[in-house]
Amino acid sequence: MAKIEIDGRSLEVAERTSILVAAGGAGIEIPHFCAHPGLVPEGTCRMCVVEVEGAAKLELACSTPVREGLKVTTESPRIREARRGVLEFLLADHPVDCPICDKAGECRLQDYYWDYGLFSGSFREGKERREKLLRIGERLLLDRERCVLCTRCVRFLRDVTRTRELGVFERGVRSEIGIYENTPIASGYAGNLVDLCPVGAITDTSFRFKTRTWFLEPRPSICPFCARGCRIEVDYHPGFARRSGSEGIFRVRPQIEATPRGPWICDAGRYGGLDLEPRRISEIVWNKGSGASTLTWEKAWSLVKAKIQALVDSSRTDRMTVLLHSGLTNEDLASAKNVFEAVRPRPRIRFADPPLGEDDGFLSTAEQTANLAGARVLGFDLRPIVPEEIGRETELLLMFAGPFADRILSGPFTAAIDPIRTKVLFTSVSENLSGSFDLVFPCALPFETAGSYTNIEGRRQPFAAVRFPRGEVKTEGAIIRAIADVFGLNGGQPEGGS
Amino acid sequence: MDVKILSRPLDQAGRRSLEDYRAAGGYAAARKALTELTPAEVLAEVKAANLRGRGGAGFPAGLKWSFIPAGGSSIKYLCVNADEGEPGTFKDHFLLSRQPHLVLEGALLAAYAVGIHTAYIYIRGEYEIVARRLETAIAEAVREGLLGIDILGRGFALNVYVHRGAGAYICGEETALLESLEGKRGLPRLKPPFPASVGLFGKPTVVNNVETLANLPGIILHGADWFLSLGCLKDGGTRLFSLSGAVARPGVYELPSGTRLRDIIFTHGGGLLPGRTLKAVIPGGMSAPILTPEEIDVPMDCDSLAAAGSMLGSGGIIVIDDSVPMIVVLDRIAKFYAHESCGQCPPCRVGTSWIRRIVRRMAAGGRRPGDVDEIARLAGAMMGRTLCPLGDAAALPLLGLVRKFKKELEE
Amino acid sequence: MTSRFPESLRTRILELLNRFPDKKAALLPALHLVQNERGFIGPEEEAAVADLLAIRPIEVREAVTFYSMFRRRPAGRRLLQVCANLTCTIRGGERILDHLRRRLAIEPGGTTPDGRFTLIEVECLGACDQAPCLMIGGTLHGSLTPESVDELLRGLE
């Protein structure tokens, strides 16, 4: 540890920490473009200059490590002059697209101009026109006029994903970032580039022009799309009072402490929730022989209650099968365990999960659900089901599919369960094969539930809901409580559950 | 042109062949070092000679060598900086072409002193013919046991490879040179760490200029005191001055450190071309701030030129006569640095380009009031703010020029 | 891809690898070999070099576009590189460039319609004592006058 002083404040910091990181830890923000907590210091933007006692020249905070007795000043007229100089150079050729740029409100160029600029530009030589809509990834566009050549994007792909799809071409002021031929960024982590870019050069087409950043509230959560459990921020728009439909989730980003491997999330996690939204269902559907109709919760639930009651009355609750999935929270799983294991004779309680994917060697796990470890700890029977067996031995099927219906239901599966007299599906998204169920209830999407997941490393991570389901849409937890009511049990929630 | 080739009668030895070189005493210093001296003794002699780097920075070679950590990694590298891109400089071209073995012997001495067994000569791509001659010279030396394994039967090994650059002035900066040698874009690195600790392929590396190395055989044969005695003032040795521009006898002149600029131009260089008058002189390659005719009595050594507000740099003397409008000089300077900026840091990348655009407009007749002041302001905003010295190299001559010739530029 | 390089070129590039602990260091020498043989370095050549050096094509292009001497498209049979820096200007370099522009009827950067000559401006060639200079291939021609330029062009076939 080293005892240092920053702006007169005494701090104790681990040796070899950079001044930039040390200051940040003490709440002192030193401006920078090219430095990033997940990347090695670069030292090219020249913005993070500070005064170090004993040094004649200004030093870079990002690449100067602390040592015992170091005294640093982060603000002074000389420092302000240097930072103003950097801004003046960057803004000289900058298009200043703020009115149409998505980054406005979270752009370092804007923020630093406010803090260190506020000058009238004197550049009169005609700004360089460059490519503004270069497609570099499935959802990524590069605007070379806005690019400040901090090279964070290039370095991320070179050092973190090691896929190196971006390079810097040419030299001097003609330098430009680009892909090779038409090979786009396809590493599965492309979305991180939008977060990384300190200005609006790299934009996300799923976010472009949809809202303004200052309307968004970042709400912390845990990614539900694999077992890594990356800590995320869900950017939520609470909605304008007079504009219906303006409420919603617009974006998902990693927290600074997203994972032990850095402030990144994979694209499946980043876009998973957004991609589900257009597919969500919000009505209860009753598939009778003569066609489908929508029902109210009361009517639909009375049908389910009747079926459950019939089995209870004839002591044949062992002919009831409940299929859960390991995307359910620890609290909902515990609740389900308490409810169904209290029933005699015991219903069959099994799990139908989406098939395993591939561990990508970085963040994305083979398990496609967030809480398999939690389900294990609770002691559920997690063996793969044999659909034919279930089809033969079940009269009432209650299947919780969460957002995974399209990956769990299949032709063979639905054929195997066809003999079941009454089939009820709880799903958040529409899916063709759900038509083979008698009753389809819409349930909440990820981010609409509170609870906790236990990730692949055994860490239990709690989270609050970002928003709440509306209308006939219920959380799976609420549905489980409703089932508990049918059996005359309380909700079975552990203490302090929501 | 009375050239001695670093003060020994080597020029009379004829051109490049190994036989001629040895007949004139070549490789005697290498033999002395490898048979009679320890590496530490070689280093000590060079340090005592205070041999300043001849590439432009003037950093003492012996001191640079001593930064290589003792013990540490057994793999170390020597990079010979033959990138010579500083406009007005052609003395390394001359040396490598006339006496490649002198440079090779110098490299051998440096490698012996520091414990290096692999050397790369990074030579600018445009010197293609010289590069081939160097390769031939190396092959000759290897055949004669003067390079390669078991040199002079003393068990010391040094492999030397010629490595051509490809047209980037910035690769003359030592860390950019290393990046380029590693196959990357020639982008200067942050210092620290310095090449002596983390250099080529991450190993301790010495980077020395061609002329610097060419001085080593003389120092080892005749001693540090001899070397010091050759100079006029504090700096020892002779220097190869590249004289060009509006002079009667352009060329490379080997003269004592500290020779006055006036003497170089008028005594040795034959003065201005007929009918021309001296207007200005750039004393140390394009990066050196310009001098007026009143300032040419300055001794050509590092300290004297620094005191005069300029620098010795690469010793490239460009003589400008009264037929050359200063806007043309300004234009060539602005164009050069904008073209050669690597682009990593905003002050240099944008600064050189912005200034280039102002100057181009001025040269095309579109000058506006305040242009010259704006150039000075921008150059001042680049000074000391860039990642590598190219920013200063771009800014200093512009500042000097607009200050000393403001009136003419504003007409 | 590498089968597109003739065996001799491929061998020479592979031999370079022995000089370095890291294959990528052979990039600039390899590109010089390729350009000497092919005249330029296009996507096919980038892919072939990348393959031999076990690096990605994008890394090859980064180098090709950074260094002024590498060409991405074929040039004329003779590349006339005229120095436009300070000393050459002082000694009449602009006049030489103008003469070439008129004689060949092309602008700097252009190639004559018959494919014989490409004219480009370059920075200091390190031969200022022979200013004004131009370079063709690796050969320097100095102390130029419009007359000596004409003679030079006549001699080039």
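Residue numbering begins at 1 within each chain, and the chains themselves are lettered A, B and C in the order written.
Throughout what follows, contacts are C-beta pairs under 8 Å (C-beta built on N, C-alpha and C of every residue); 3 or more make two chains touch, one makes a residue touch a chain.
Quick caveat: nothing in here was measured; it's all calculated off a predicted structure.
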Inset, instruction - Chain touch graph shape: choose line, ring, star, complete or other and state it. - result: complete
Inset, instruction - For the pairs B-C and A-B, output the one whose chains share more C-beta pairs in contact. - result: B-C
Inset, instruction - Average the CA atoms of each chain to get its centre, and name the chain whose centre is farthest from that of chain B. - result: A
Legend entry - Whole-Å gap between the CA centroids of chain A and chain C: 50
Inset, instruction - Return the distance between the CA-based centres of chain B and chain C, expressed in whole Å. - result: 24
Inset, instruction - Indicate the whole-number Å distance between the mean C-alpha point of chain A and the mean C-alpha point of chain B. - result: 55
Legend entry - chain B: positions in contact with at least two other chains: 168, 185, 339-340
Legend entry - Multi-chain contact sites of chain C, meaning residues that touch two or more partners: 59, 62, 66
Legend entry - chain A, residues touching no fewer than two other chains: 168, 170-171
Legend entry - List of chain C residues in touch with chain A within their complex: 43, 56-59, 61-62, 65-66
Legend entry - Contact set on chain A toward chain C in their complex: 164-171, 179-181
Inset, instruction - Could you pull out which chain C residues touch chain B in their complex? - result: 19-22, 24-29, 31-32, 53, 55, 59, 62-63, 66-70, 84-87, 89-91, 122-131, 135, 137-140
Inset, instruction - Write out the stretch or stretches of chain A touching chain B in their complex. - result: 41-46, 57-58, 60, 63, 82, 85-86, 88-90, 92-93, 122-126, 148-149, 168, 170-175
Inset, instruction - Sort out for me which residues of chain B touch chain C in the complex. - result: 84-90, 92-93, 124-129, 161, 163-169, 180-186, 201, 242-246, 250-252, 282, 286, 316, 318-321, 324, 328-329, 332-333, 335-336, 339-340
